[in-house]
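Pasting a structure below so you can have a look.
In this document, chain identifiers A, B, C and D correspond to the written order of the chains, with residue numbering beginning at 1 in each.
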Amino acid sequence: MTEGKAIILLHCPDRQGIITDVTGFITRNHGNIVYLDQYVDTIDGHLFMRIEWELKGFFIPREHIKEVVDELFAERYGMVSSIFFSDERPRMAIFVSKQSHCLYDLLARYRAGEWDVDIPCIVSNHEDLRFVADQFGIPFHVWSIAPDKSNRTEVEQAEMDLLHAERISFIVLARYMQVNSDGMIAEYPHHIINIHHSFLPAFVGAKPYHQAYERGVKIIGATSHYVTRELDAGPIIEQDVVRISHKDTPDSLVLKGRDLEKIVLSRAVTKHIERKILTYKNRTVVFG
Amino acid sequence: MTEGKAIILLHCPDRQGIITDVTGFITRNHGNIVYLDQYVDTIDGHLFMRIEWELKGFFIPREHIKEVVDELFAERYGMVSSIFFSDERPRMAIFVSKQSHCLYDLLARYRAGEWDVDIPCIVSNHEDLRFVADQFGIPFHVWSIAPDKSNRTEVEQAEMDLLHAERISFIVLARYMQVNSDGMIAEYPHHIINIHHSFLPAFVGAKPYHQAYERGVKIIGATSHYVTRELDAGPIIEQDVVRISHKDTPDSLVLKGRDLEKIVLSRAVTKHIERKILTYKNRTVVFG
Amino acid sequence: MTEGKAIILLHCPDRQGIITDVTGFITRNHGNIVYLDQYVDTIDGHLFMRIEWELKGFFIPREHIKEVVDELFAERYGMVSSIFFSDERPRMAIFVSKQSHCLYDLLARYRAGEWDVDIPCIVSNHEDLRFVADQFGIPFHVWSIAPDKSNRTEVEQAEMDLLHAERISFIVLARYMQVNSDGMIAEYPHHIINIHHSFLPAFVGAKPYHQAYERGVKIIGATSHYVTRELDAGPIIEQDVVRISHKDTPDSLVLKGRDLEKIVLSRAVTKHIERKILTYKNRTVVFG
Amino acid sequence: MTEGKAIILLHCPDRQGIITDVTGFITRNHGNIVYLDQYVDTIDGHLFMRIEWELKGFFIPREHIKEVVDELFAERYGMVSSIFFSDERPRMAIFVSKQSHCLYDLLARYRAGEWDVDIPCIVSNHEDLRFVADQFGIPFHVWSIAPDKSNRTEVEQAEMDLLHAERISFIVLARYMQVNSDGMIAEYPHHIINIHHSFLPAFVGAKPYHQAYERGVKIIGATSHYVTRELDAGPIIEQDVVRISHKDTPDSLVLKGRDLEKIVLSRAVTKHIERKILTYKNRTVVFG
């Protein structure tokens, strides 16, 4: 039986000897380290680390690793850590509205086996993209909040019930044009990935391509970030840009932006699935 | 005697036949067109055009061209136009404060003969960069506004006197950390080029690299724009960006940003010297 | 009845008065010009132009336009021209092998209505991607050339028969890992678009990502080009790149490259569908 | 007395426990680690590491560190290592020919104090840029190899004598249009940095911008690399690119390329001065 790999993501105030201690702990218990990346924020004096090691032959049973790590390091170093196992596939929910480009890009990668992930459901506030879910044979759930918001509580509850039933680990908003409920954000802290169609923090809010056109910028961008309660203000995971010119109209910006959006969103999803992102002070550390 | 080339930059509401009319006028008067670029803003229904033709053999004496063009087209088409001659070198003043990277970049190009321009003076509010002006043998003028601003009027007058005396055609702010006087902006409308050390409109104002660090962006930028009375809000000429990561500190952002700033500023200066920029509704049309 | 627009793509040796002549011809016949872009290659003294005008009210019936244009300008200016009509949708065939990323990207755009194009068939030398064609309800044709190439003539004939039967206007090779027949290249000159997974002319031929890894480059690219008889040597339409590092392996380069490939290929297809590409001396003029 | 920092750059076949061993060694001797970056090439099974620690309080005198490290690790792990001290400024020689843009960029950074480096001399095969050296008060040495190459041995000897006399640690070829002697390359292995004006390996050799124009590429690049005996084939340190179009001529490519060349060269010089580059199998590991 192949036992896969364990991944630890940790951060703590930087002190002498932490790297030696942590790597020593793994080596001593016969774990073969296959990846180590660390970063010290010298301004805040804070250490971030990601280590990956083979479980085969590791002395500590996987269900006890987190416990032992915490005993050894949590109090001593003020360390916050998470443990993942390469053979436990995260379960991802996709939320969409009416635009298909990000959804197609996610599902094409999923279908091509690019990601170690399961996608058991797609949620929407509109019927428009049901045909895409059908093409890929993934259940499609539609709940719309009424204009008078009278059914808001029920919709939010139905969504949460689905996420629970499907044991969803993280959520991807693939151009989902509605604000998530506070409850969902609280239950998935830094586990909801959004794509904003501008180079944040420029052009927060609605119609960023129109804003970009009005301002006459020469470059447009897209930003993937974790969702927090403040709109478009969560930790940024990835950004990219494309050069434009005076010849571009709001319509052509929308078209050019789509390619940015899908690539930037998918890069963020990749890093999240690989457990290569740590968040700290509303910023991300993204390991290579 | 070589007579050089004439350049016309024009814009007007788009109507049938304007291109035919204007190119026909030049051809009929035996001007050999060597460059024509035009652009129709289909949203505003507005035409922008740049034509360059050889003066040799042109029927109309250069001092009458503007007059004839206006007679033929100004009223008829609501056309705003400017005429330039390739053998009339623009005269450029550089304003600096304490950072040398943009100044060196401008002067290195000037000294290498990259630009058809004269640089008769450098102005500063600090003594720090006099040595650079001395290296290149260019007069360096220092005027500082006192903390109580008591000498503000005199300083502004002295600056304007210099600009007049040197017959300055346009001004380049090479990391000049002071706001230009309203009088100067009024006298040089869309003829003062600034470099802002962020991807505008993100991070307007002071310390943009620190703002970028705090926000945790993954890309930083620089923006060259024409100065208007509203801070960092004038028409954007050129922007560029560079990818950063969580490893960057405000200090490393400053260093990386310098390379952007000098290249983005110099690209804008190049386009301005070549008379390839038209401004309209706080945006620029920059011809290739 | 709406009559759409006519598009002329032309090139000829540059001479005085051509722009005036051609725009005058359209204006005189009551065509409303809505797009004009031209470019003069001053090294070769050659003019390239693209004009788009509304057919409504145009004096010359669409079926005679080409004839009249040739009569007026072909001999006089040595002009080569093509006429297109916006309401005549080009018919595009896609050739694929085993990788799905470009195919999905093309079909997602097609299904979202991004392009004025019909895609009546997909051709492959393998069965692998039939399921994608099925997802989108497009006929999928598989012909494989035997290892001993004994059936080569029949396969090539079958492909040509399909292209004829479907009245295909141009062909997109979406990571098609086989050389097209000389007959097909001859019948579709500069009408077969390929995506090469490197920044050409670096890394011509097979396994470019492995070549890039071995050479230790810091940037990889992708190149879309028209197919000619010489491998990877046809006119380049579009290129783009992405930064990599020593941390990348051939496998991660392949994954990063996929995003480049699909975007660069789709940009080329967009420009081709919009009839914005002229070829000359194995180079392309791509209008904005 | 401030004692600065020590830097170790090392690589060796990857084995369990190396990181623990090396960091443990430093920590045990009371060295405060302020930077650690490592990378495992999983294809070759090779480990690369860079550690920086404060010398204050370190038990081992600086002149013995290399000896102790080698005793502990060289044979045991097959480790190749170099030790540097932050207070020992490298001494850099610049070689130039006739183009000033890279030279100005290097000297502007040097004069602005961006780099911990000394530049005691500039060498050229032409007199053209003596004025730049004079502007910055740096000795300028000119040796030209005669057309019949009769004085080649003397010239090469004179250059080597200068490098020895000035105790030069590394050499920067700032658009130096002559091949370095085998002796110089042998004495400065991976310590001569060149800037090639193309995106290598595309357009090796002379006139790369003309080659790029002929091939009709849509992007041009520049490449900084260590010089080896094979022309333009040494380990690549840094590359960057800029988008071009059909409107560009060889002349405009040369101008656009200059900005790339100077930035790409200066980035490589920065990394070299910071001792962040390891070379292995003709590739570089460049730490962030």
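Observations, loosely collected:
Throughout what follows, a residue touches a chain if its C-beta (ideal position, glycine included) is under 8 Å from a C-beta of that chain, and two chains touch if they have at least 3 such contacts.
A quick note: this is a predicted structure, and the numbers were derived from the prediction, not measured.
More inter-chain C-beta contacts link the pair C-D than the other of C-D and A-C. Among the remaining chains, D is positioned farthest from chain C, on the basis of C-alpha centroids.
For the pair chain A and chain C, the distance between mean C-alpha positions equals 36 Å. Inter-chain centre distance (chain C to chain D, centres taken as mean C-alpha positions): 42 Å. Residue positions of chain A touching 2 or more other chains: 42, 245, 247. On chain C, the positions that touch chain D within their shared complex are 39, 41-43, 199-203, 215-219, 221, 235-241, 245-247, 249-250, 282-286. Across the complex, chain C is touched by residues 99-101, 104-105, 108-109, 111-112, 114, 135-136, 245, 247, 255, 259, 263, 266, 288 of chain A. By the touch criterion stated above, chain A contacts chain D in their complex at residues 16-17, 19-20, 23-24, 27, 32-36, 38, 40, 42, 243.
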